[in-house]
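Got some structures for you, see below.
Paired with chain B in one complex and with chain C in the other, chain A is shared by the two complexes that follow.
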Partner chain A sequence: MAISCTQPWWSARSPIGFLDPSRERHYSLALIGLDPIHPLQHKAAPVPTLAQLMTADPAQQGAPLLFYACATLTCLSAWAIVFSQNIVRMSVYLLLTLMGAAGFYLMLQAEFLAAVQLIVYAGGTLILIVFGIMLTNKNPEMQLRATPMELGLGALVGVGLAALLILALVHTPTPGQGFTAVPADYQQVRAIGRSLLSENLVPFELAAVLLLVVMVGAAYMARRRAG
Partner chain B sequence: MNLASETRWEDLWGDLWMVMPEVWLVVAMCAVVLAPFIKRRSVALPLGVASAGLMLAVMAALSSFASADAMGTVFTGSLVIDPFSQFFKVLLTLFTLMILGLWILHSRSQTDPADAPDFLCLLLGAAVGMSLMVSATNLLVIFIATETASMPSYALAGFRKRRREGSEGSLKYVLFGSVSSAIMLYGMSLVYGAAGTLSIYGIAAQAAAGISPLMAIGLAAMLAGFAFKLSAVPMHFWCPDVFQGAPIEVTTFLSVASKGAAMCMLLRALAAFAAAAPANGYLFVGIGVAVGILGAVTATWGNLVALHQTNIKRLLAYSSISHAGYMLMAASVAVIAGRSWEGGQHQTGAIQVVVGAVLFYIVVYAFMNLGAFTAATLLAMHTGTEDIRGYAGLSRRSPWLAALMTACLLSLFGMPGLGGFWGKVFLMKSMALAGGAGFALIAVLLFNTLISLYYYLKPVYYMYFVPDEDERPAFLPAGGGLAMLVICVSVLLATGLLPNRIESLARGYATLYPNPVITAPPPLETTVSLLESAPAHD
Partner chain C sequence: MSAQFITSVVTLVVIAKLIMVSCAYLILLERKVAAWTQDRIGPNRVGLSFGVLPIRHHCWGAGQPLADGIKLFLKEDYTPPGVDRGLFLLAPVIVVVPAMLGWAVIPWGGYLGWGDSVLHVTAAPIHIGVIYMLAIGSLAVYGVVLGGYASNNKYSFLGGLRATAQMLSYEIPQGLCVLTVILMHGSARADMLVNFQANAVWNAVYQPVLAVIFFTCILAECNRAPFDLAEAEQELVGGYHTEYSSMKWALFFMGEYMHMITGAAFFTLLFLGGWDLPLLSEPLVGGIALVLLKTGVFIGKVALLLFLMIWIRWTLPRFRFDQLMRLAWRGLIPITLLVMLMTGVMVFLQQPAWVALVGNGLIALLAVWLGPRIPQGAAINRRVPLPGSRFCPPKPVNPTS
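Here is the complex of A and B:
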């Protein structure tokens, strides 16, 4: 695979940087922080200093730093969820993971999605989890310990799934255009609103029916019969 | 019908008339919730409103057969209204009406009048979801419709809050359901990422150009979601517990309507894939083989476990698992035989034969299951037991009930002369289209039919050949229940004794089903429309 690479192999940049059409097949790898080009091919590449990275065009060069910051936040807190034994702490780490993911959306110029991620997950789902812990558990400080069996099984499934997905990502060509630069006058929320009320009208309206039914069902389940 | 640029209200209004069955169901659903504001603690009012809404939905679905203009693609391709979908909607709404009858018969006296509107609202909500599942051609609609069908089912399964088994079944249902929904949604996101479109026709066309690994994983994950709704084998654990714990009318509803809707949704997706398959699309055959193996394993497993059951509801639950397996096996043929092995001509006729056979099977299955569950309900009401050993001596104590239940059980087995027999014959006929693989499927079906004979005859054996040791008194079951049983059995006899008429009817449904028109691989619909003014990247 002869692809010219002027950047060092480890500089997994923000996907925004991948506008070169010859590279677009591999954006999926870059998304997970890996450069598809083998490290050995780039032994001689010059390694820019942090200062060099910062002083170049900030719009382009600042992105990797932001990417690394979000990636570190997401990965570390995801690890912390797994290794923590206190369920309340786990939920706080989950909040950090979700915020890191929101950062990725921001860098992909999906501001709306980033906001929704924060509102729905950090605001809604997380509170639900905390409520669930508080209401069902008499002792929120309960320690959760996995048995070695569970640990092994979980690791096996997790690693297997991750390997499968990474393999599939690497071997999947991206359809069509890959990443396209967003035009300056593009209004994201407006486009989403239009799509919701035109192309996706049925799912939008159907969601209302779904919410009504769920509300009735939940109210019935929660209701205590008088007498 | 491009609504993206200018919203055309006339188009939307016209489309709305084509989904009138769903509109009536939603209107009835809202009216039922509001009914207590007019008359408190009344059961008759919400019941009347729900029945009226269901009847209007039946009328609306029937009236769409009257003119060709009433069918087609609506709401920018999110839904397809075609004879296949309308036929199922007529069946579904009629069946839901009968479920209301079963509810009046069995649960009305045990239900607090204040809870009746909730029950009816949930039932209608599930019906809305199921009827949309059958029309859905878009991943988003498929997902939300499936959820709209599932969420009320969870609550309905645990509707008797004081019963421990009911709560246990409901909880298992919720947990299994939410996990499988999550898997299905994840699969959909992968498929969308790989294909760049939400339309199943577009995905099929993209897949025809080459199934990428990402799409293969996504499709497999989506199949897991379908398998849950069908209670196919790796995802079937909820089924016996829910069926045992839920009130019997809910069990009947779930066993027929929910599975039927999932089956039709799967058929539509498989038919879309089959019609788009290239001449040498061996990967497509892989999809068919996967579904066929899923069906064969499901049927065999369901039958083998059913052998040990002594509770009639659990027995019928495993029997329904195996029937879902038979239908899955036939559905797989749509993809295997739907594309040609040589030449390059699509055997679209094969898809229609398969769809016709499965539709016919769903109709027969609906009536035989309704009959069997109604008989079990009547027996449980009069003898107070769901254990089949409690059926001893029933032929003396209530000969009519024993005879009618035997007819339903024999039809489930596939006794010649009853509808179930022809259902299986048509399934086998469609399987034969697939050549060698089809004959393997037929062998599995015959083997399973033999196994099932044992457990379907077990209650019959107790009813007719085991004397009642306790000398319990004779009884005459309630008139309404007996009438419903008689209707079911006469439908089974009619479908069983008039095979020629039925075959032509089955062909009729089959030819009614239009093939999806697939043009060149579509553009990246959503991305492009979101970035309308973006310059082409070249």
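Here is the complex of A and C:
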């Protein structure tokens, strides 16, 4: 079977996808892959999400395995961060923890969040490594030890966080209680973009301004020390 | 077992094997191109006979990669004392794996019509294809940084730090380029981007400035000359892989070539229309023959880009570090931001696509005109009178002694 394009390549009237006004109402279709120009739209199977691919038929039983793999990676490397004393190794373990979290996002079909997690936090961890190296510049074998006071404070924060998480876990609906699976044509990038620029516009802009202020402040301090 | 699953697995296996082999032959090509550039002959001694097979011809040195492979396997794998063992072993792996992960979302051969269904000739046809490529690409630098750190060698370490700064700087314009393309087409799916281009004109025609910047960023991301400061052998012995030997060293090199292939495929997908060739774009879905043809077109474009990369490496001298930073922060990032703004306004006002070309031209002219007029600031590479350097003033002679 061969489906041919309705238009030859040279006579395409609107080279940039959705700029043609007559296609504007189909704009949302283009995002999920049903391009109105292409005759393919009636034939194309919905594109599976990565989570669906990973749990494709032969590996249907593999999904829990994947979850436990991600969980083990996240937990073990989180423990390793706490118990390691070399700051560069800590950063590497942190990277592994963040990747495990990205794996969870993937399993929850939040692929965009997983990718953003990798882009933002992988870069951040890289900076951490550089700072770690610079901080331990004087003595590369420098060991980081916590004082009793820090230990107590850490335990307090840890218990509080654990209580919060358990509370959240108790209140999370399980599949039987109204938790619905994501529909196949759910456009997460679009939804996240919409919510950032409409409902959550103020926190979004505030965070941006805060980051800018921090950057300017850091540059100012660095300049004064150098001068 | 769904048909899409089988297609994905077959694509993945075939492409992975193909790229593994072509990595070895890319090294031969690199040496040949270097030889042609420098008016030499290049490696031509190792034929395919290896003293066993009855092949008398020298085969233009085609046996060289195989011989190199055997040599690298048989060399002593030496781990110097004083290294951070875990990270030292991990670094070459981290260099190779992200490059391989990137191949998963590239639409190598368009669509395969199978019975009533349309299958993607891709390992993973996911919605966020292009963003996934960006995310994976940002992981590769860890191998370089950790390898440099774990080696317990000042020069390796300097190479690693250089790679960090370079990668962080060049990721920004690269990400902005990808965002502009997504903005233009309203989709982040790799196969849809190719479809849009096959239906109209390649992105490189309408956004030439963006294409050039993206190509530059790819060169920087895979640490290729003129951006290979991490392994500048004149300054840093061997750079971040000074302390590596045998297959660990070879993995670093395989990683570099795999990154070149991934980057070239990414460029082809975004700007050169993927599997599209002007007279070939008509049947969108076809049988196996068409898919193979389209895959061949895709691979041909990738091969051309690889040749271009190698050609650039042996033509252009290496940047100095401050030039490298200035190029990214004063050149590429503002220009890309301007192009993105222009594209956004264009999309909002629903302008025809040739406006993008005009806008690109105007932005290029503006950059060329404005570039020399921006105040340069103090020279970063000034002579620092560090004690012991040749710019240090001589010690005052103490008259009392």
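By definition in this document, the second predicted complex is superposed on the first by the 119 of 227 C-alpha atoms of A that agree within 3 Å, B and C clash if a C-alpha of one lies under 4 Å from a C-alpha of the other, contacts with A are read in each partner's own complex, and residues count from 1 in each chain.
What we mean here is this: a contact is a pair of C-beta atoms (placed from the backbone, for glycine too) under 8 Å apart; a residue touches a chain by one contact, two chains touch by 3 or more.
Just so it is clear, the structure is predicted and the values come from calculations on it, not from any experiment.
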| item | value |
| --- | --- |
| Chain B versus chain C as contact partner of A:222, first or second or both or neither | neither |
| Chain B or chain C, by number of chain A residues touched | C |
| Touching partner for A:149 - first (chain B), second (chain C), both, neither | neither |
| Contacts of A:122 with chain B and chain C, given as first, second, both or neither | second |
| Which of chain B and chain C A:95 touches, first, second, both or neither | second |
| Interface residues of chain A shared between complexes with chain B and chain C | 21 |
| In the complex with chain C, residue positions of chain A that touch it | 1-5, 7-10, 12, 14-19, 21, 24, 27, 30-33, 35, 37-40, 43-45, 47-50, 53, 56-58, 86, 88-89, 92, 95, 111-112, 114-116, 118-119, 122-123, 126-127, 129-130, 133, 187-189 |
| Footprint of chain A on chain B - complex, ascending | 3-4, 7, 12, 26, 29-30, 33, 75-76, 78-79, 112, 115, 118, 121-122, 125-126, 128-129, 132, 138, 140-141, 144-145, 147-148, 151-152, 154-155, 158-159, 161, 194-196, 206, 212-217, 523-527, 529-538 |
| Chain A residues touching chain B - in the complex, by the definition given at the top | 21, 164-165, 167-169, 171-173, 175-178, 180-183, 185-186, 191-192, 194-195, 197-203, 206-207, 209-210, 212-214, 216-221, 225 |
| Residues of chain C defined as touching chain A within the complex | 1-2, 4-5, 8, 84, 86-87, 90, 111, 113, 116-118, 120, 124-128, 131-132, 134-136, 138-139, 141-142, 145-146, 149, 161, 164, 167-168, 171, 175, 184-189, 191-192, 195-196, 198-201, 206, 276, 278, 281-287, 290, 347, 350-353, 356 |
